[in-house]
Every structure is written in structure tokens, then in C-alpha cells.
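In what follows, chain A forms one complex with chain B and a second complex with chain C.
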Partner chain A sequence: MAAIYSLYIINNSGGLIFYKDYGSKGRMDTNDSLRVASLWHSMHAILQQLSPINGCSGIELLEADTFDLHCFQSLTGTKFFVVCETGTQHMEALLKVIYELYTDYVLKNPFYEMEMPIRCELFDINLTQAIQKDRVALLGR
Partner chain B sequence: MIGTGKIKQYANVLDKPLGKGKQEVSLSAFAFLFSELVQYNQTQVDNISELETRLEDAGYAVGARVLELLCHRDKGNRRETRLLGILSFVHSTVWKVLFGKVADSLEKGTEHEDEYMISEKELLVNRFISIPKDMGTFHCGAFVAGIVKGVLENAGFPAVVTAHFVPVEGQQRPRTTILIKFAEEVLRREARLG
Partner chain C sequence: MQFFGGSEISPSPPTPTTTTGNNAHMIYIFNRNGVCLLYREWNRPLHTLNPQQDHKLMFGLLFSLKSLASKMDPTSADKGNLGVPQLPGQGCSFHSFRTNTYKLSFMETPSGIKFILVTNPRTSDLRETLKYIYNLYVEYVAKNPLYTPGTPMR
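== the complex of A and B ==
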């Protein structure tokens, strides 16, 4: 059972730097994933301004009929969002873990250029492990 | 002198005892610093082997100083004269001080008399680094190879030291091997000493 459909990471200018799908439900071709990324970036920015509460930091959760979208924005504007099954628990914690993996295996890599697509082997390996662990934990609950 | 119960103020900084210092350093701080070192050198060179040479030179400077410090601090100013002695010094003491653990293994090369290998599952400096495919055989462990070279050469055992990836079956990530090739004179001297 795949609770997570896909994972996106976008840089602070709205460009997609990482996309991974888990299972056929989340699959999208490259162009569509780029569109979703820039769409989300703009929506996030607009809704931050529209919010009736002062000091709003942006959308954290979008609930729809067939999916949920959890978003985490770092202090630098890099956004991590995951599209998952409705009602999936503990996605914020998972996003925080992914953020930590990003800071470790992407930002400490001398061969990674800022704001560019992520092509780091260690990041992929550890991300797969983290998602796997999360999946196992979900089944266990 | 020791344990007087209050902190002694030293008039001259050179009179202060050479303490062990703080044993722990932030891994993240080191990783960022090392990443910056690699990035800076990348802008200064034209090709990969030059980059490796630069990292090795940086490590050499570290090795020379580490040798002096450890000889004074851990070995009571005794000098190693035998090959196996200096190799086990590098493998245990130097590794313990620099990386917090002894190296995984020390082996003698089977093909050549003058080759020795120190193996490590993953070097500390490489922990967060993923080499892009187009960089081929580049290894950031050249820095560590430089450290080993600095220690060996300044102890009187000139050698050529390089770092290599060795693929291991059943594991995704290859092991790292530091290959040490001693100069002729070292082997001759060792043979003479019996």
C-alpha cells in the first residue's frame, strides 16, 4: 500500500529541483510535474497574502477528495511537498526528516550547485530508506 | 603544579601546558568547511587530477602537523623506525584522533612488496559527498591520502599515497582503500634493520 503518491522539492524561485513518484497513482510526466511545481509555488505565494491571519507562513495542508497535499517551507523558501492518500498521518514529521536529509546530503555535497536539480546518489539512497521506514511504521500502527 | 585547585594564569602563552583540548568538533561544521575547500579548488584547476593533487597537498600540511602533535602527546616523543610500527601508528592513533575510530583494516599488498592498504567502509570526509558520474574516478579521499602521506614522509618513510574506491559485492556503496606505496629506500632500510 502506497500512502505517498509523490514528493516534490522546489527552490525559492519556484523551479522544480526534485521529483519522485511512488506508485502509478502519483506518476506524472516531466512537463506536468514542472507545471505542478510552478503552480504550487504561485498558489503558495498568493495564499500567503490572502490569509486572514497575520504572520501567515503559507499553506501547510491541502485536502481534496482523492488526495492530501502536505507542504513544508524552510526558512530560505525551499518548499518540500508530498501528495498522499487522504487521511495519511504524520506527513509533517516525514517532511522534516526529508528536510534534514536535504541539508545533509545535498547541501554538504561540494558538487551540488544551489537551486539546480538534485542529482545526489546519497540523497536518493537515504530518501528511499526514510520513505520505506515510514511505510513500515504506518503499517505497524 | 597539577591540580592546584585554581586556574593558573600563565604570563607567557608558550608556558601553557599542551592540553588535549576539546575532543569533539561539529561534523556539520567540518562537512561544510571541507565542501567549501573542494569547491574553491575546483575553480582553480582545469582537470580532475589537478584537483586531487590540490586536496592531497592540503592534507599533507595536516599530516605533518598531526605527526608532531601526536608524537609529543601520545607517544612521549619516541620515534618510530620500523615500517610496521609507523603503519600501525597511522592506522590506530592517527585515525583515532582524526576520525574518532581506528581504521577498518590494514593489509599488505599481495602483488608488490612495497604496497600496503588501509581500508575503510566510508571515510568521514566522504560521508555527505556524492560524486557525479561524469567525474569518473575522482575521490575526495585524496585529502586523507595527503594526511597519511604527510605523516609518513615526515616520519622518514617517503611514500606515494592514493585513495581508491573498491566495489564490494552485495553493497551499493564501494569501500575506500588508501593505497600506500613506499619508496625504494624505505624497503632497503627495513631489510637492513632485519
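== the complex of A and C ==
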């Protein structure tokens, strides 16, 4: 039973650059995942407008009936978000780990073009390892 | 339950003299057509839009978020397309989201009335509070013979 259902990475213009599904019944095809990603990007911007207080940096957590969505935004505007089971703990830490992997394996890859879909093998391998470790840690309790 | 520091559906809520006992920033109530039935603010230092646009933005935002949540639902295999209006109760709906400066809690009743509460981010799950407010709405507003459904509350 996966704690994480899926992972999305959006560049700062709102385009989806990475989408990985870890075993949900609601698996989406490419077009749908692109739409959802750009919708999320716009939502993020609008929610900042609605804040009653100055200095809102964007949504961190969306709770729904059957899932939670945790979002992490880097300083450059790249957004990482995971869809997980309700009440999963430590998603922020996992998102930070994924961000580190992104900087190590994607940004430092000389063949990677900025803002383009991610096609880096090492990133995929290490990402799977990180998620597995997280899953094992969760189930091991 | 003195959550707001004043009675919720009075015509002019007392402005809070101290903000320490007061958790909520704003409350909105919409009906299913997007008419804002009630809007109260207790603590809103930043206004970005005029009230009409603000209500429209809030309603549109909730519509899109509900649509997004039902599309992203990982537990149901068959979903409608994005943008198709969902009936209340059909599909998965979100109940709250949190940013670093505020938390928004949302509840939709089967009749399409939407309750939105904006509070500070440390608030815990407010679904019970929203149910309580809905009960107040039913008691004092829906059962009021002088109230026309679909118009802002007085």
C-alpha cells in the first residue's frame, strides 16, 4: 500500500516537467496530467492574492476526502507536489529530499535543458530509491 | 461556542477589541449559483480587490479547486473531465487547504450552500465548526419566513 500516490514537478511557467504515478487507480494520461499541472499552477497564484495577510508564499497543503496534496515551492518558482493518503506524515521532508535530488541529478546534468521535461536516468533511479525508503520506513512501523 | 468573539449572523458584528481570543479572519457563505449570502471579516489587513470581485474570485477558485480535487482523486478510476460541474457530494471534494499565512476551510451542503472560513494557519480541522455554522444557518435563516432564498442575508 503506497503512501504516495503520485509526484508532479512543475517549472516556473506552469508546465509539467515530471509526472510519476506510484500505484493509484486514478492514473492519468499525459494530457490530463498536463492540464492538472497548469491548473495547479494558476491556483497557486490566485491563492496568494486571496490571502488576508501580506507575504503569502503559496499553498502548502490541500486536504480532501480521500487524499492530501503537499506542495513545495523552491526559490526559483519550481513546484514539487505529491498526492498522498490522508494524514501521511513527513511529506515536507520527502519533498525537500526530492528537491535535493532534482538539483543534483537534473540541474547539474549538462544535457538537461531548463524548463524541459526531465529525462534523466539517474534522477529516476534515485527518486525511486528515495520513495522506496520512505515507504519502507512507513510500513516498518 | 464563542469562536468568533461575537454572534455570527448578526447584522453588524462587533469588531474585536483584542485579537488574541479571535481565530478567524473572514467567513463567506455562497449558494449554489455563486451569490454571496454572507461575508464577514474580523481581521483582514490586506485587501487586494473590491468586494464584488473578491466574492467572484473566491467562488471561482472554489469551483476550480473542487474540480481539481475530484480529477486528482487517486481512489476512483473513472472521473469526469476537468471543468465539468460536479454535483454536491459527487466525487471527492477537498475540505481545507493551508498556506503559510492562512488556512481556508470549506464545506458544501447537499443543497449546494458553501461555507468558507479563513483562519490562521495553525487551526486544526474545522469541519465540526462549519457543521455548527450550517446548523445555525438552518435554524435562523432557512426557517425564517421572511427570508428569500438566494438573496444576501440581513
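The definition used in the following text is that the second predicted complex is superposed on the first by the 139 of 141 C-alpha atoms of A that agree within 3 Å, B and C clash if a C-alpha of one lies under 4 Å from a C-alpha of the other, contacts with A are read in each partner's own complex, and residues count from 1 in each chain.
Just so we're on the same page, a contact is a pair of C-beta atoms (placed from the backbone, for glycine too) under 8 Å apart; a residue touches a chain by one contact, two chains touch by 3 or more.
From a predicted model like this one, the values you see are computed outputs, not experimental measurements.
Under the clash rule set out above, the superposition-derived model of chain A with chain B and chain C shows the two partners fitting side by side.
Put simply, if you stand at the Cα centre of chain A and look at the Cα centres of chain B and chain C, the angle between them is 160 degrees to the nearest 10.
With both structures placed on the common chain, the touch criterion links A:108 to chain B but leaves chain C unconnected. In the superposition on chain A, contact is made by A:56 with chain C only, not with chain B.
Once the two complexes are overlaid on the shared chain, A:87 sits clear of chain B and of chain C alike. With both complexes superposed, C is the one of chain B and chain C in contact with more chain A residues. After overlaying the two complexes on the shared chain, residue contacts for A:120 are found with chain B alone; chain C is out of touch.
This overlay, made by fitting chain A, leaves chain B and chain C with a least C-alpha separation of 30 Å. Across the complex, chain B is touched by residues 104-105, 108-111, 119-123, 125 of chain A. Interface of chain C with chain A (complex): residues 25-26, 41, 43-46, 48-49, 54, 57-58, 61, 64-65, 68-69, 71-77, 79, 82, 92-102, 104, 118. Across the complex, chain B meets chain A through its residues 28, 31-32, 34-39, 42, 128-132, 135, 140, 172-173.
Considering their complex, residues 5-6, 24-26, 28, 32, 35-36, 39-40, 43, 46-67, 69, 83 of chain A touch chain C.
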